[in-house]
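Below are structures written as structure tokens.
Both complexes below contain chain A, partnered by chain B and then by chain C.
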Partner chain A sequence: MSEQNSNNQNDNDQKMLGIIPLNWRFDLASIPIIRWMLKQRWFPMIIILANMFLFMVILMSGVIGGFSSGNYSFGVMFVWILWWVVLMMLLVPVLSRTWCMICPLPSFGEWLQRMKIFGVNNKLGGLNIKWPKKLSNMWIMNILFLITTFFSGFFTVKPLATFFLLGGIIVLGILLSMVFEKRSFCLYVCPVSGFQGLYSNMAMTEIRVKDPAICAKHKKKTCVTGNKKGYGCPWLLQPHSFKRNTYCGMCLECFKTCPFDNMAFNIRPPGTDLLVNEQRGLDEAWKNFIMLAIAVMFYVAMMGPWGTLKNWVRGETLAGWLKFITLHTTFGLVAIPGTFLITSWVSKLVSGAKDIALRTVFINLSYCLIPMGMAAWIAFSFGFLLPNGSYILHILSDPFALGWDLFGTANIPWTPVGTGWLVPIQFAVLFGGYIISVDFGYKLCLQTYGDTAVAKRGFIPLLVLLTLVTVAFGWLYGG
Partner chain B sequence: MSIIKTVISAILLLVCTVGPIVATLVYESSRTRDLTAEILARTPEKGNFSPRYLKVALGEKIKLRVRNVDTVVHGFAIPALGVDAGEIKAGHYAILEFTPEKPGKYDYYCTTWCSEFHLQMRGVLEVTAR
Partner chain C sequence: MNNKVSIAIVILLTLGVFTWLINYGWQNRYGSPETYEIIASEELTVGYYAEDLALKETDVFAQIWQNIPILKIVLKHQITERPWPKGLTPVVQVQAFHNGKDIYFKMTWEDDHADTIALIDTFVDGCAVAIPMDTEAPLRSIMMGFSSPVNIWQWQANKDMQYWEGKTGIEDLDVDFVYPFEEKEIFSVTVPELKSAVSDLLSQRIGSITRKDNQIVQGRGLWRDGSWNVIFKRSLTTDNQEQDSQFSGVKQTVSFAVWDGDQDDRGSRKSISEWVNLQIQSLPSKKPADEQALDNTSNIKVYKTSWIEKLCSFSSVRTAYGATSQNQSVETVKEPRVINITAKRFEYSPNRISVKKGELITFRMESLDVTHGLYLDGYGINIKARPGLIGKATFVVDKPGRFTFRCSETCGEFHPYMIGFLEVTPNTRFNLFLWAIGIAFVLMLGLVLCRNKQKKGVETNVGTEQ
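Right after this comes the complex of A and B.
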């Protein structure tokens, strides 16, 4: 999975957009009350429990509430409007994998392993088998997430479909936790985990060690083995040395187990991890392509003017639905990667670099699609938040469509907000993503090709592709 | 101390999992104590009115809640009793209160064109002498 390459420039000296030094950090945990909180056993468990309450309401709304009416279903509105928007616009780009920190879905399995909720019991139950090495990557998550999107036409209109999806994730999480060690389910299976991991490379926060020299001297490595104060990293990382957000679930156990208070919760410039050449691989590259494909397909299916395609996605006929699956899968797994492969090949060709493998170019450069992909998702999210956000006020007061009015907002009518600004906002977001993608695209060329002149030549095809993709998204969203 | 922690953990877990279910059932049953019946409205091909037959006693005050759990607009009316809820949008409901004064079988209908099977969307309210 690892693709190592020489790097002629110290990443620490680089600046985002030539302005913000990528090595700038501020440790939020240097604020005493925050450090104290991060080290408590009740944190983040208390938020997980509150979140579990919320998810119980979501699950109940799938079977009690308006059975077929998506816009008046707590589950549909909360999961696919509020949660998705908060995840894509705030949690992942700003707070990295904070959602994983407070996610209630794998908790039942984890509690069964530990037989404790708040306390520490490092003798974990279950079979505790190691996850197969060949499957220790994002491929299963890629496939599962893609398969999940096959049912997108049902999730947003049928509350029961959302119930089955979330219920299925919980059951699968429990079963796998009883067989495999620690958070293997979150690391290698959960469909929501993969894209969060990849896009959290863009995040403005990270958990890292403060002083690696302290860790080097610490022989016990309690962040890995655990101690009386906490568990060894449930995400199977080496907290003393990992360099990317991708596989850190931010569970905060390392804050609790470190006897030297050597963990930091840093604020940092966005995109820092895009330049970390560690554990890069085809699985992550394909996650990129799949996310771009889904952003396009969701827009076309949900907001586009093509009625036939909408009918396919909604499964009006089995033949139509199968056509959608074929088209969607081919687009995400073949067409977009194929286009990127051609771009990488041309990049290598015009760069003149003969000693660098095409595979390395392909994988490394794919990381510049992350800012653009994230921007496309944020722009897409505005497309349903602004027109449909007001439904959330209704469902908060009447979560099961039973005529409740808990907070006095049940009778607020559907009120689109700021839709006149929708397209300009989407264009601005897409343009922002484009600029950051171009910036990191050049840096990745420099990292891959090693020589400035070679990198400049190799960057031209990438710049053309990024520009064309942004124009295509602009046409799609605003055309 | 360990026992106290375990008990607190168990209580919190119950509050966050079983709690919403119990709270919903208790709150809803207290709200609907005086409800005679609830009728769910769906297009005929998705299940029709549910139930499609109701039996009530003559002279008894009837309180019906008609919930539209469909994706299209429905209506509800019992013309022979002068009862009409008008349009009920998807995800909304209507409360109808009336007192039948004659025994008999009264048809109730969907009053909004909802599907090609709209005309089949109907049920019967039977009013029986005490």
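Right after this comes the complex of A and C.
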């Protein structure tokens, strides 16, 4: 008991960068009107419906747009400039998986299961088969997301290809919801879901229980089973014992089903979930590596000056495209994980910790790459937004490229904004990511190795790697 | 209904709708071509035939045309024009001959519908021949959008009907042309008197098209069996060398364009050809020595600075100088370092340029395919190069660091990613970044190593695990 208290005392000293206490929380749902809203059945469905309208326009523009230049396509610009940038720069880092809360893509499948849009019908339709246990991880999402990026030279520039991707996700969502239970598709298949889950560990919001003791006494566990007010967790989780954001789709059903109003929508310091040692695995580690690899490859192919690589990516020749796929896959699945494996091995070696498995070191330390990866993506997104953001004004007024001018902005010319500051902004973001990565890297070393002296030794190779990775990204973005 | 049957129906329906939509999108796709290749100039022989056509209806299909070889010319979108064209007239067949006095062209292309009436949102079919006025004009060019003046002969179906048949095609509009109480139109109010079905035009670049004072080209078109057949006729040479193209040598270049009214083609929105070389046979007025001289000049492929390029460069330089205050004082400084950049979809060459801070440089950009731009981040310089028209900007690189230059003219699907780097050394911004990382590295290492030993314990997320 006394050791427990001692540990708690240590934990209470835990601060991000030695400044921000990681146990600080503010429950947004403690504001009555917000709690009231979160408990209503029309919320977030009303946002999903509005979002669905928007995506219908995107899909229509994709079907009509054909091969027309992507920068004048509503679908291409909205998805790959606005949505992606907002997702990477705002939604995931700040609001966790809020996108999943309002995502319209799996809604068709979910409605077919429920046969209701707003109401509650816990007797779900479809075959309701349990998702195979062996596939209950991120591997399918990893592979699907990687495969999706093979086609980035098409999806990000051709309206019809964007339609194919989004429409394909909707279709797959419907098919799987007819066969498997609840949101199995979102949890284990959706290519957009995996990286959101991983990076939402960095988010500044979370859904958690207010008082675990209340949940412990509650035998019915309506957050899992559902009741008249709402569905049992569609994401197949146990909201009463949430510990990290990774797999919580923030659908808010637990707010509706909890009879004790025991759910909280917390604001918190970023990155606190990185230290939660639960459900960690190689699948999540590889998601990390793949995201880093994609950030590099996307930058090189799209924001770099190398025309040959662009021709490979856009599939000018089959041979070139296959070269790109090989290079990309090798880099993401072998080169980066290999480099990290060597670092982990050196870390274990210099730490002197013989009783800790290399696999544990490898998996645990990989989580410190999340802030770095997120920073790389945010910096990358600035490179999308600042030069190309003005296209949004055009496509808003002429969504189907039919010569419309709905809001009088169709003739606004392409206007790069603040691109002179692009590189310094990217450097600042990378620097921030580096500092946070290093901070959590050390904390993860402490967590993994247990002893401070051992952790210090084990941390040095990790620090070197993080520094080199940051310098490499810096060189890529502005060196 | 059985649950499994319902599920099967939903699945099949979903897949069916999705497949249908993809198929619809695929069938109705439009936009920039998948690949763009510079096509080598083709040759059209203009043979000598002692035949004079009066442009009667029968002349369009006269026996003479059976004897003249046909050149099939592949057309492509006029892709500098937005919105992108819906359709493309893929091929036009061209024939030409001369009789020592006049030159004739015949253009034939498939069109399933004859569009002869121009209304709001309804456009007419047409075709054109463009002939450069300057034999040294760059061969890589897009019709009506290059540096050298060009003589354009534009035939339009509505004008043809009006000129040859005296019809406007719109009966209701006749009242506009006739004063009340008049039985016949005696004074044309809104329709100028046509002297030909072909407009004889001059143009120098987009937006500069001008109707010539002397309309000297005649033409006639007939739509038959799903094809348009249009012939042009004009004298080989004229006295007005300033305004009329001349066919006095053995070689000349021309290009062709087709408008399909059905596909909303009009103005710059059309299908166009690359330049075609004319081989004009047996010119009695020219001596062999002169022919050789003309032959050499027409083959010039190295771009020479013309007065119009100088004019364009001058305006660009002014813009560039105006970009920074420091630049204004350097007009008297020694010659700038000229950096030649070629642009093609979706790449600049060189794609990474290194210069020293304070240098006076000139970006001289040439496009190898479609119109490209070059916008330089941080400097705000924006230049544009149409095929055959060099874009230039001269400026002092007074800001150190790596700056991206990117295409500012929509040039195809990968346009937003057409990028190059200008590195102005020393790259102080990157050096500063390296210093910041270095200092952070030392600080972090120092903090960790100097940290007091703590009790053994496991760091956890106390916020969620307490």
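Here is the rule we go by: the second predicted complex is superposed on the first by the 463 of 479 C-alpha atoms of A that agree within 3 Å, B and C clash if a C-alpha of one lies under 4 Å from a C-alpha of the other, contacts with A are read in each partner's own complex, and residues count from 1 in each chain.
We adopt the following convention: a contact is a pair of C-beta atoms (placed from the backbone, for glycine too) under 8 Å apart; a residue touches a chain by one contact, two chains touch by 3 or more.
If you're wondering where the values come from, they're calculated on a predicted model, not measured in any experiment.
Colleague: Are chain B and chain C a fit on chain A, or do they clash, once the structures share the same frame?
Modeller: Chain B and chain C clash in the superposed model.
Colleague: Check the residue A:G119 against both partner chains and state whether it touches chain B (first), chain C (second), both, or neither.
Modeller: It touches chain B, and chain C stays clear.
Colleague: For the three-chain arrangement built by superposition, which of chain B and chain C touches the greater number of chain A residues?
Modeller: Here the partner covering more residues of chain A is C.
Colleague: On the A-aligned overlay, A:S30 touches which partner chain: chain B = first, chain C = second, or both, or neither?
Modeller: A:S30 contacts neither chain B nor chain C.
Colleague: Can A:F400 be said to touch chain B (first), chain C (second), both, or neither?
Modeller: It touches chain B, and chain C stays clear.
Colleague: Using the touch definition from the top, say if A:L49 reaches chain B (first), chain C (second), both or neither.
Modeller: After superposing on A, A:L49 lies in contact with chain B but is clear of chain C.
Colleague: Tell me which partner A:T326 touches in the superposition: chain B (first), chain C (second), both or neither.
Modeller: So A:T326 meets neither chain B nor chain C here.
Colleague: Applying the document's definition of touch, where does A:V57 land relative to chain B and chain C: first, second, both, or neither?
Modeller: Only chain B; A:V57 stays clear of chain C.
Colleague: Which partner does A:T225 contact after superposing on A: first (chain B), second (chain C), both, neither?
Modeller: neither
Colleague: Between chain B (first) and chain C (second), which, if any, makes contact with A:P416: first, second, both or neither?
Modeller: Only chain C; A:P416 stays clear of chain B.
Colleague: In the superposed arrangement, which partner chain does A:Y72 touch: chain B (first), chain C (second), both, or neither?
Modeller: It touches chain B and chain C both.
Colleague: Given the superposition on chain A, at which of 261-269, 297-305 or 333-341 does chain C overlap chain B?
Modeller: With chain A aligned, chain C clashes with chain B through residues 261-269.
Colleague: Would you mind listing the overlap between the chain B footprint and the chain C footprint on chain A?
Modeller: 64, 66-72, 157, 401-403
Colleague: Which residues, counting only chain A, touch chain C once they are in their complex?
Modeller: Counting only chain A, the residues touching chain C are 6-8, 10-12, 14, 22-25, 62-72, 112, 125-127, 153, 157-160, 163-164, 167-168, 170-171, 174-175, 178-179, 206, 208, 242-244, 268-269, 272-277, 301-308, 310, 314, 316, 387-388, 391, 401-403, 414, 416, 419-420, 422-424, 427, 430-431, 434-435, 438, 442-444, 446-447, 450-453, 456, 459-460, 463, 467, 470-471, 474-475, 478-479.
Colleague: Give every residue of chain C touching chain A within the complex, in rising order.
Modeller: So the residues of chain C in touch with chain A come to 3-4, 6-7, 10-11, 14-15, 18, 21-22, 24-26, 28-32, 34-35, 82-84, 346-349, 351-352, 375, 377-380, 399, 401-404, 406, 408, 410, 412-421, 427, 429-430, 432-434, 436-437, 440-441, 444-445, 448-449, 451, 453-466.
Colleague: Which part of chain A faces chain B closely enough to touch in the complex?
Modeller: Going through chain A, the ones touching chain B are 49-50, 52-53, 56-57, 60, 64, 66-73, 116-119, 157, 400-404.
Colleague: Would you mind writing out the residues of chain B in touch with chain A in their complex?
Modeller: 2, 5, 9, 12-13, 15-17, 19-21, 24, 27-28, 31, 40, 42, 46, 65, 67-71, 90-93, 95
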